[in-house]
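Two complexes come next, and they have one chain in common, chain A, joined by chain B in the first and chain C in the second.
So, the complex of A and B:
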C-alpha cells in the first residue's frame, strides 16, 4: 500500500487521488519520533506553499514540523487525531493521515521520491 | 500520621495509572482545624469592618480552604519533598545545554544583604545609589565579557532576552525603512529560538547543518534574502562544537543587511577566551542562571541580559541606569527614560535584581583570570568525559568539543533495543541526574552531556563507570535498563498517558 505513494526527505508521504493529495508521516518517521501525543492541524482553506510548515506532530521526545509536500489549499484535516493522536503510530498510512491538499501545481509531486528512492534515502541517512 | 517513604514506595508495575500513591502527604492532608504557623502583631491602627472597605458583593461567604499547619509541620513537609529531589547540591547534574554548575553560597550571603534584598523598588533614586551602582557596574562587566557596546539587564530569562533582542532587531530594520520579517536558524538551534521569533511576529526559516554539525554556508547563502532580519546562532553550537566559520557567516549575513544574534546559552565555554562582539555578532543574550552561577530550575527567577553593538543601542529597553560625575571621583546614579527609538520596557522595575546581584558577586569573586579558568575547566572536563565514554557512547561528531558533547546511543538501540531514554532513567539509579536526551534533533538517540567546571575528576570517572555498567547491562539484561529506574522513590512514569490525557488537578479524596 506504500508503493504508489510519493515521499519527501522530511519523511512525509503523499497520496494523489482525484486531484487531492493526502499527507501523513512515514512508518520510519513515526518509529523515530516515538509515541505521538498531540497533532496540531492546519486550518481548512489555508494556502500553503511547497515545503512550508503545515502541521506539528508532538511526541514524548519533541515537537516536529510537518511540511507540505506540495503547495495548494488545505481541503481536509483529520479531526480524529485530536482524540486519537496514537493513530499516527498505529496506522501511519491510513487512519493516521494528517491533512489533504488541493495542489495548485500538480507537477510539484513529480519531483518527490518514490518508494524505492525513499527507502534507500532513509538507509543512507542513517550513516 | 507520617508517611514512610519506604513503605509507600510503589512497586514498578504499579507505576502506570496510579498517581494517587503519595510519597509525602499534601499539606491539606496534614491540616488540623485551628492549628497555626503564624502570629499577627497587635493591631496598631483603628479597626474598620471589612464591609466598609470592600463592597459586600465581592466578599467571600465561606472561608478559603487553606491548610492549617504549624511552622514545624510546614518545614518538615517541604524539606522531605526537597530530599526526594535530585539537585545540583546533591548530585552530579550533567544536563546538557543547561550549565547546572554548583552555585557558590557566598553569592546567597551577598544577595541577602538588606541593602539589596529589603529595598522597595519605588524608593527614590538618591536612596538607591548602592543598587544602581551595582547594576551600572554589572552592565560594564558584561560589555567587556561580551565585546558589546551596551547592555540591558531587564529581561527575566534567556528566552525573554531572545525576544527582547528580536524586538530590538525589528525596530532597527523599521527605523531604516527596511521591511524584514524572516529569522534564520540552523536545524540544531535551541527550541527557544523559533519560539521567540514567532512571539516577536517573525517567521522562521530553518537551514540544514553540515555532516560535521556546523552551519552550512551554502544553505545560509540560499536562506539569506531581502526579507531576512536576523540569523540566530549558538556558538559553540548545541553539539558543543565551535563554529569555525563564524567570521565568514557574519560577513555573509551583514552583506545581506541582516543582523547576527548569538544565543548565549553556551557562554560557559567562551569566558575570557572569545567575545561574541569579536566574532561578528551584533546582539547576544546571557543566561546568568547558567553561566554566572545563579540557582535555576523549577522556574526560579533567572535573568537574560542582552548586549548589543552601538548601532542598536538607541533601541534598548528602558529605563536605563546613568552615571553622572559629581567631581572629585564621585558619581551619582539615576534611572533615565530611554530615547524615542526604544522598544520600551520589557520587565517591571529593574529586572530580577536578586539574580543580578548574585551574578555580580560571582564575577567580582572570580575576576578576569578566574573567569577564564571557568571556561577552561568546563572545556577540559567535557573533553575528558567524552574520551572516557567514547567506547560505549561515541560522540555524534567526534572532534574536540568545547563545554559539552553530544553522544549517541543509536548502536545500542539497533543492537539491544535500549534507547537513550532508558539509559537516562537507569543513570538515576546510579545516583546521577540524567543528561539531556533527544536534543539536538539532528542526532539520533542523543545524550547531551555538560559536566561543567565545578565537578571533580573523581565524579566524572564515576559517571563514566556508571555509563559503562549500563552498557554492559544493556547487552546482558536489556529489560532491566528498559524498565528503569528501580531504586528511585517513583518508578518509570507513563509519559505517553501523562501527555495524552493529562490529569493536573488534585481533588481531595480522589487518591488511590
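So, the complex of A and C:
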C-alpha cells in the first residue's frame, strides 16, 4: 500500500494522483512522535514552496513541523483531524492524511525517495 | 520531523548516565530520552495512557536521576537551617519538607525535599541537574562535625503513585506503610530488607517514594510491578511525570524555574518562613517583597485551539507580558504555566498565547489544574 508513495527525508509521504498530491507522515514518523494530540492545518489556498513548513503535528511532549514535499497551492486539508488527531497514529497513510497540494511543478516529486530508498534512509538515520 | 518549538537543548559533551534499571526499561520497550544528564524512559506505552494510569490506578516511576545527599552529625539541622527557606526547627525526626535553597541574591539554587531520617541525619533529594551545585554549596557551608555524603551513585528512587498505590504497597511490606503520614518518612521492610519509605511524590496523587540501594533496585522494582498487577499498575516514564506534575501545578526546575527565579516569583512564598531568622538570600527576598515582584509564575488555560509550549510569548491587552514555561494538552484542556507581570496574574485575567504565529485566547486560572478527590 505504501510502495507507490514518494517520501521525504523529513518523513512525509506524498501520493500523486489526478494533478493533486496528498501528504501525510510515515508510520516511522508517527511512532517517533507518538500520541498525536493536535494538528495545526494550513489554510486552504495557501501557496507553499517545496520544503516549507506547512503544518504542525503535536504530541503531548513536542511539536513537529511538517514540510511541503512539493511546492504548490493547498487545495484540501483533513478537517477530521481536528476531532480525531489520533488518526495520524492509527492510520498514517489513510485516515491520517494531513493536506493535499496542487503541485506547481510536478517534476519536483521525481526528486523524492521511493519506498526502498526511504526504508534504507530510516535505517541509516538511526545510527 | 524536527521539533518545531522545543526549548533548545545544549549539546551534552559527557555521556548520559544510566540508572541501574536501564536494562529493565529496555526490556519493557521504553523509549529513552535525555534529561538532566541522564538517559531515562520517556514513555513505555504512551504518555497519555501512563498519565491516565496514575490518575485512576497506580504507576511506578524510576526516578533514580534524583540526587540523594545526606547531611549528618551533631548539629546537622541547625547548620542546614540558614541554607534553606523553610523553618527546619519545625521538622521533627521522621518528617519531610519541600524547600528551595537560595543564592545570596535570593535566586533558587535548587528546590528539594529534606527528609529528617533521624535527629542528626537529613536526606536531601535534589534535582538531577543541580546535584553538583548543591553538593558544592553544602561542602562550602557545613562545618565539622557535620558532614555531607554523596549517595548519588549508591541510592535510587522508585515512586509508587496513584489511588491504588497504598493497596499495592501493602503487598510488598509487612509494615503498615499506609500509616506513614503525608510528608513523613519511615524505615520499613520492603521486599525483605529495611528500606526508607516516604509519603511524598510529584504527581498530585497519594503515594510513596522508596529510597533503595542500587544493587536492590531491580528486585524492588520487579516486586512492586508484580504486586501491583492486580490493580493495573503501569511503569511510567518522564513524559507522564511531566504532564502529571504540571496538572498538579508543581513547577519544574530547569523548565519553570531558571537560575534567575526567586521563590516569590515562582509562587513558592509558602516555603519562605520569614519568622525563622536569617537565611541565605533573605535580604534580597525582603527587598523584592517590599518593592514587589516584576513577574509571577501563573497558571493559564487556553480557550482557543493549540498547545502552549515553553517559550511561547504571552500577551495581555495586546502587550507582551511574559512567556510560557510549561504547557500541554490533556484531553480537551490546553493548560500551561508561564511568567507574566503581576498585573496580568489574577485569576480570570484574559491573556493571549502566541502559538505558531497565531494568538490564541487564554485566561489565568488558579492552581492547581487538578486536585485529587480525597
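Throughout what follows, the second predicted complex is superposed on the first by the 127 of 127 C-alpha atoms of A that agree within 3 Å, B and C clash if a C-alpha of one lies under 4 Å from a C-alpha of the other, contacts with A are read in each partner's own complex, and residues count from 1 in each chain.
As a convention for this text, a contact is a pair of C-beta atoms (placed from the backbone, for glycine too) under 8 Å apart; a residue touches a chain by one contact, two chains touch by 3 or more.
What you are looking at is a predicted structure, and each value in this text was computed from that prediction instead of being measured.
In the superposition on chain A, contact is made by A:29 with chain C only, not with chain B.
In the superposed pair of complexes, A:38 makes contact with chain B and with chain C alike.
The larger set of touched chain A residues comes from C, when the choice is between chain B and chain C. Once chain A of one complex is fitted onto chain A of the other, the partner contacts of A:114 are absent, as it touches neither chain B nor chain C. When the two complexes are overlaid on their common chain A, residue A:105 makes contact with neither chain B nor chain C. Using the contact criterion defined above for the overlaid structures, shared-chain residue A:61 touches chain B and also reaches chain C. Overlaid on A, the two complexes show chain B and chain C touching the same residues of chain A, namely 32, 35, 37-38, 58, 60-64. For chain A in complex with chain C, the residues that touch the partner chain are 10-11, 25, 29, 32-35, 37-38, 40, 53, 56, 58-66, 82. Across the complex, chain A meets chain B through its residues 32, 35, 37-38, 58, 60-64, 85-86, 126. Here chain B touches chain A in the complex through residues 191, 438-439, 441, 444, 495-496, 499-500, going by the rule given at the top.
Interface residues of chain C, counted against chain A in their complex, comprise 1-6, 31, 42-43, 46-48, 51, 239, 242-243, 305-307, 309, 328-329, 355-356.
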